[in-house]
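For clarity, chains are labelled A, B, C and D in written order, and residue numbers in each chain start from 1.
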Amino acid sequence: MPRKEIELPYSTEYLAILDQNGVVDKELEPDLPDEFLLKLHRAMLLGRRFDERMLNLQRQGRIGTFAPIKGQEASQLGAVAVLEPSDWMVPAFRETLAEYWRGKPLESFILYYGGYDEGGLVEEGRNDLPISIPVGSQILHAAGIGMAIKYRKEPQVVMTFFGDGATSEGDFHEAMNFAGVYQAPVIFVCQNNQWAISLPRAKQTHSKTLAQKALAHDIPGIQVDGNDILAVYAAAKEAVDRARSGGGPTMIESVTYRMSLHTTADDPKKYRSEDEVKKWEEKDPISRFQIYLKEKGLLTDEGINNLEAEIENEIQEVVNTAEKRMENVDPQHIFNHIFADLPPSLIQQREELIRNLALEQKEVDNG
Amino acid sequence: MPRKEIELPYSTEYLAILDQNGVVDKELEPDLPDEFLLKLHRAMLLGRRFDERMLNLQRQGRIGTFAPIKGQEASQLGAVAVLEPSDWMVPAFRETLAEYWRGKPLESFILYYGGYDEGGLVEEGRNDLPISIPVGSQILHAAGIGMAIKYRKEPQVVMTFFGDGATSEGDFHEAMNFAGVYQAPVIFVCQNNQWAISLPRAKQTHSKTLAQKALAHDIPGIQVDGNDILAVYAAAKEAVDRARSGGGPTMIESVTYRMSLHTTADDPKKYRSEDEVKKWEEKDPISRFQIYLKEKGLLTDEGINNLEAEIENEIQEVVNTAEKRMENVDPQHIFNHIFADLPPSLIQQREELIRNLALEQKEVDNG
Amino acid sequence: MAKMNMVQSLNLAMQQEMEKDDRIVIMGEDVGVDGGVFRVTDKLIDKFGIERVMDTPLAESAIIGAAIGMAVYGLHPVCEIQFSGFSYYTIHQLEAHASRLRHRSQGRFHVPLVIRAPSGGGVRALEHHSESRETYYAHTPGIKMVIPSGPRNGRALLVSAIRDPDPVIFFEPKAIYRAFREEVPEEEETIPLGKPQLVREGKDVTMVAYGAMMAPTLEAADELQEKSGISAEIIDLLTISPLDDQIIADSVQKTGRAVVVHEAPMSFGPGAEIITRLVEKSFYYLEAPVKRVTGYDIVYPLYAREKANMPNSRRIIKAVQETLET
Amino acid sequence: MAKMNMVQSLNLAMQQEMEKDDRIVIMGEDVGVDGGVFRVTDKLIDKFGIERVMDTPLAESAIIGAAIGMAVYGLHPVCEIQFSGFSYYTIHQLEAHASRLRHRSQGRFHVPLVIRAPSGGGVRALEHHSESRETYYAHTPGIKMVIPSGPRNGRALLVSAIRDPDPVIFFEPKAIYRAFREEVPEEEETIPLGKPQLVREGKDVTMVAYGAMMAPTLEAADELQEKSGISAEIIDLLTISPLDDQIIADSVQKTGRAVVVHEAPMSFGPGAEIITRLVEKSFYYLEAPVKRVTGYDIVYPLYAREKANMPNSRRIIKAVQETLET
C-alpha cells in the first residue's frame, strides 16, 4: 500500500513527416493521389494570396477588420482535407482556408468582413457552422454535433478548430470532457500559432504542450508539426478514422505560427521580435510542400507561375462581384433572421425604421 | 523526425498509509505529536456527531436544507489540518468540519442553514471564505488569493475544496491554469466522494482519475485514500510545504465517499445501491483512525465514550444558543451589507419595507 | 382530464412530445436516473432510454453549448438547468450563439432549444436557489422568455416552447411546482408563445403579473373585490419577451390604472418595460401612476427573511389602493 | 491642464491611482506589453512591472474569479475585459460572488473590483464588438454600473470607481475613445458614483442619455435650439445603477417632457427604468408620454448596417418634436 505511479491509458506523442527543407520521412509519408496533392497545393496557394488580397482591401478601407491566416495554411487544410462533405466543421475565426476548402464562396468572406450580414450565409449542403468570434465557445457546439451524430448513428464526424489561447477557456475543457464522456466523434484541432494577440504560448499555460491537455479527459492527444501538411493530414486521418469507427474523440495540437497580424487592428511590433518571425518564415508550410511536390515530379516553377496567375484572376473576379453586391445596403435587412416569425414588437420597430428611412430620404431629396 | 512520445514533467501518483483495518505503512507514517492526533480524532468525531444532529434538526423542520459530510471527515480534516491560521481556506459547501477546525463557530452553521444571513459571518482573523454553492466557482477565488499572496510575498498558502462534479466545470480548469501560470501557492483539494448528486464518478468524466487533470496544466497531482487521514495529511503537507517555499500549486484528489444524502432534499435510494454504501462503511475514516490511535496507546473505549458525552453536551449547548438567536427576525436586516453605503434608491426601498412592516404590525395588533 | 400539479403536467408535456418526435432529447444534471431534483423529468429515462434522457456531467455551459450544436444538427434539445441561479454560467452561449445562429448563418441554421429552469423564491431554499433573473434573458434579442403560472398553462406553454423553432428560456416558478392541482387534458393543448392572457375581467384597475406572483395577485384581487368592491382586470404575461403589450394596453385603456407585480428586483426589471409600454401607447388613458410591487434591489436573503423581500397580497392591495386613491 | 482623449485620460486615472496605492493591480488580456487593444493601459507595465500589470491567459471567468479572490485578500484589481461582448463569460462570478461576498460574509469581506470593458457600437467592428448590455449588470443587486461620456468625466469616474469599496462595472464607449479631446487637470479629480449630472439647463424638454449617446443628444439639442428655439435640459446618467433619479425627477417636474436615449436594445433596457421612475415620482408633471430612442431588439448587425440600428440626432430630434407636439 505504498506510494505508486498510476498508469494512464494515453501518453502524448509528436508527429512530423515533411521537414522544413522538404525532406520527407518515407515511413510515415501518407499515400495520397497526385491530383489530391496538387489540389491541396492549389488551395494553400490560393489561401495565401486571398489573405494578402484581403489585407490589401482592408488597408484601402474597402473591408473592415479581419484575421489573416498566413502561415497556418497547412495547419488547417491538412486537417479539414480529411473530412467528407457530409461531415461537420466548426471553425473559430482564423479558418478561411478550411472554410474555402469546404465550399464557402470567397465572395462570402469579402461580404462578411465588408460588414454585410449576407456574408454569414451558410449554403445548403455545407455542414459548417459560421465563424465564431467568442474564443473557445464554439468548441462546445462541436461536442454537441458529435453527440447528435452519435444519437443518429450517422457515419459522420465533426472537426472543430480553435487557437492556443482558447485552451485557457473553460469551454474548451467542458467540451473535451463531454466528448470524452459520450465518446462522441469529435476531432479537436488546436492551431497553436504561438500567440493569442500579444500573449505568447509560454504564458498562456504552464504546460509543456497543449496536446497533453487531452490527458485530463483520457482522450488521445497528439502534437504535430502544423506547418507540415503531411503530418497534419496523417494525424487528422487517424483521428477521423478512429472517430468514424466509434473510437471517440481526439485532440490534435497543430504547432504553427501566425506569420501576420492578429487582426488588421493589431500591431505585432508592440510585442514580438522580427527575428522570431524570420525564424518561422523558414518553416513556411507552402515552400516545403512545393519542394516535396517538385521532387515528386508533380510541380514545376512554370506550373507554379501559371497557377499564381490563375489564382490572381479568380480572386479579382470575386472581389469585383462582391464589391458590386456591397453597393446595395438595404437597412431593413437588419430585421431578417431574428426569429422564424417576427413578433409584433419587432414589426413595430421595423416600421419605425422604415419611417425614419423615408424621412431621411425626403431630407436627402430636398437637399 | 519520427513519431515519438513527449516526456512530461509529472505523472500521477497514488498514496495510502492507513488501511481500512487500521494497519499503518510504517515507512510513510507521518510523525505527528500525540496531542495533535487526538485533536484530529476529537474533531472528526465532533464532525460526525454534529452532522447527525443537523440532519435531525432538519428533519424536525428546525433548519432548512443542508449538505451532510458523513464519511468525508478525514478527507477534509487531513488537508486543512496542515494549514496555519494565517493561511487561507476556500470551501465549497460540504466542508463543515474543515470550517469548524479553522474556527467557525458551530452556531454559525445552525444559523446559516436555519435561513439566517448572520450565519455567514466570517469572524475577523479567520481567513476563510464563506461557503460557495455555485459548483466550481470558488476555485477561482483561491487562485486569486494565491496570486495576491504571491504579489504580497507573504509566507501564506491557500487551500480550496471542491467535489468530483466540480472538475467538469470550466472554472476548475481555468483556476488550475491560472495557478500554474502564476505558480501561485494554491492547494486544490478535490473531495472525490464518488457522486455529484445522482451522477456517479464514472459518468462525470472519462478519465481514470481526477488527479490526472493536473497534467493538463503541468501541476503536480496526487490521488490519495481520502478516508485515511494520515495519507491526506501527508499529501497536503507535501503540497503546502512546496507551495510555501515557492514551488507553486498542487492538486490532491482525495478518494472518499458521501455516506449520507447529497443534501436533505435528496433521496439517494433513487440512484445508488445500499450495497455500495455498505462497502464504503467498511472504509469508514473514523473507525480506522480509532484503531490506529488505540494501537498507539492514545485512546481507549472508555476515552471514546467520555469524548462522545462531552461532544454531545457541546453540541446541545450550541443548538440552544442558536435557536435562541433565531427567535429574533428583524426583516430590515435584508438591507444590510449590500453596499458600503446604501444608495438613495435602496434607502427608499428600505423605508417602504419599514412602512409595510408597521402596517402589518398594526393589522396584527388590531387582530 | 386528470388533476395534476405542475411537476406532473410538465412531465406530461415532455413525455407526449417525445413520443411524437424523436428529435427531442432531454439533457441536464440529474434529469435521468434521479428524474430531476424536482422530479419534473421523472421516469422519462425509463420510457426513452439514456440516449434521449441524458444525465450530463456537471457543466452548465457545456449543457447549453452542446445543446446548441445538437439543435443546429437537427435535434430539439430540452435542457434542464438545475436552478435558474446557475443559468448565468451559460449566458455567453445564449447571447453569443443560441440567440444569433439563425441570423449569423442567414437562415441556414436555427436553434430549437428549450432551457427549463426552476426559478423564484418561496421554498425555504439555499442561497442562489430563489432568484428571479428573467430580465437578463428578456433583454437579450433572439431568445424568448416564458414563465407559466400553473399546471395547465405550464404544460401547454412547454409544448409550444418545444415546438418553437427558436431558443426558449422556460422558467418554472418552483413555488408552484406542487402548490396546487388543475385539470390537465390528456389531449394536446398549446398556448401560442408571445401572447399574454386576460385571466380575469374587471374595470377599476389592471393587474399584470406572471409566474408565482399570479397567486398573491389573484388573492389580492379577491380581497379587494370582497372588502372594497374593487374590480380588477388581471393579465398573466406567460411570455415575458418578446413582449406583446396589446392586451395590457387594451385593458388599461379601459381601467386607466395599473399595478405590475414581480419577484425580480425592482430596478431595470420586467415591470419597468411594462410600465414604459403603457406610457408609450396608453399615456392619455392613465389616470394615476402605474405602480410596481417587486422584490427589492438586494442580495436575496436566506430563507428566514425571504418573505420580507417577496411581494405578497398585502403589498399588492396597498399598491392598488394607492393607485385608486389618486 | 492637458488636452486628452479618453484613452489617455483613463490611462492617467490608473497611473495616478497606482502611484498612490500599491493595492491596485491591473489584469486582463493584452493589457501589459500590448497596452490593451485600445491602448488604455499603455505603458503601465513599464511603470509598474509585470507584478502589477498582468497579461493574463485568455479566460474571462478566471480574470474576474481570480480578481474576486485578490480583492477579498485586500488588493484592488482593475480588470479589463477586452470587449464588453465577452463579459458574459463572467456573469456567474459577478452575480454569485462579486456582488454578494459583502453580504454573504456579513461585512467581513468586500470586493473592491473594477471591471473595465469597451462597449457600444460605431467603430465598424466585428460581431460581438458593438453591443451595449449594461442592463444585465444594472439589474444585478450589489454591483455598480458606470458609463462615462468623455475624457474628463471618464477619468474622474474611473478614479472614483477604483476607490469604491464595492464592485464597479465600468463600460467605456469605444466610439468616444479617440473621438474628441478635453482639458483634463493633472490634479486629482473625482465624480461621486451614483450621481447623474445636469450638463445643460433648459426648459422645454428633458433629455436623458449617457455614454456615446451624449454626442448625438447634444447635437440634437443644438439643432433643436437653433432651428426651432426649443430649449432642452440634458442629463448625463454617468452611473446607470444604482440609479439616483432625483435630478431627472427635478428636471421633468420643470419641463414636463422627456426623451431617453440609449444604444442598448429597447425592450427591458435602461430607458424603461428611467421612464418608470418618472411615472412613479413625477407622473402628474408629465405633459406628454416620455419617449425613448434606442437600439432595436435585434442581433446587432455587422457594420455596414449598424447605423440603421443606432440612435442618431435625427431620430432624437424627431422624438423630441413628437413629445412637444402632444
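Rule of thumb we're sticking to: a residue touches a chain if its C-beta (ideal position, glycine included) is under 8 Å from a C-beta of that chain, and two chains touch if they have at least 3 such contacts.
Everything numeric in this text was worked out from a predicted model, so none of it was measured.
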- [ ] Could you find the chain whose CA centre sits the greatest distance from that of chain D?
- [x] B
Open item on the list: I'd like to know which pair from B-D, B-C or A-D copies the A-C interface, where a copy means over half of the contact pairs are the same by residue number.
Closed with: B-D
TODO: Could you please state the distance in Å, as a whole number, between where the Cα atoms of chain A are centred and where those of chain B are centred?
DONE: 43
- [ ] Just give me the whole-number Å value for how far the CA centre of chain B lies from that of chain C.
- [x] 35
Task: Centre-of-Cα separation between chain D and chain B, whole angstrom - done: 39
TODO: Could you list which residues of chain B touch at least two other chains?
DONE: 117, 120, 133-134, 168-171, 174, 177, 181, 203-205, 337-338, 345-346
Task: Residues of chain D whose C-beta touches two or more other chains - done: 57, 59, 61-62, 85-86, 89, 92, 96, 103-104, 127-128, 141-142, 242-243, 267, 296-299
TODO: Using the touch definition up top, name the residues of chain D that touch chain C in the complex.
DONE: 85-86, 88-89, 91-92, 95-96, 99-100, 103-104, 127-128, 133, 135-136, 138-142, 241-243, 264-265, 267-273, 275-276, 279-281, 283-284, 286, 288-292, 296-299
Task: List of chain B residues in touch with chain A within their complex - done: 1-6, 8-9, 11-17, 19, 25, 27-28, 168-174, 177, 180-181, 183, 203-209, 211-219, 223
- [ ] Would you mind writing out the residues of chain B in touch with chain C in their complex?
- [x] 64-65, 112, 114-117, 119-120, 133-136, 165-166, 168-170, 196-199, 203-205, 263, 265-266, 270-271, 326, 329, 331-335, 337-338, 345-346, 349-350, 353, 356-357, 359-360, 363
Task: chain A-touching residues of chain D, taken from the complex the two chains share - done: 29-30, 32-35, 37, 55, 57-62, 85-86, 89, 124-129, 266-267, 296-299, 301-309, 314-315, 318
Open item on the list: Under the definition above, what is the set of chain C residues touching chain A in their complex?
Closed with: 25, 51-52, 56-57, 59, 61-62, 64-75, 77, 92-93, 96-97, 101-110, 141-142, 144, 164-166, 194, 242-246
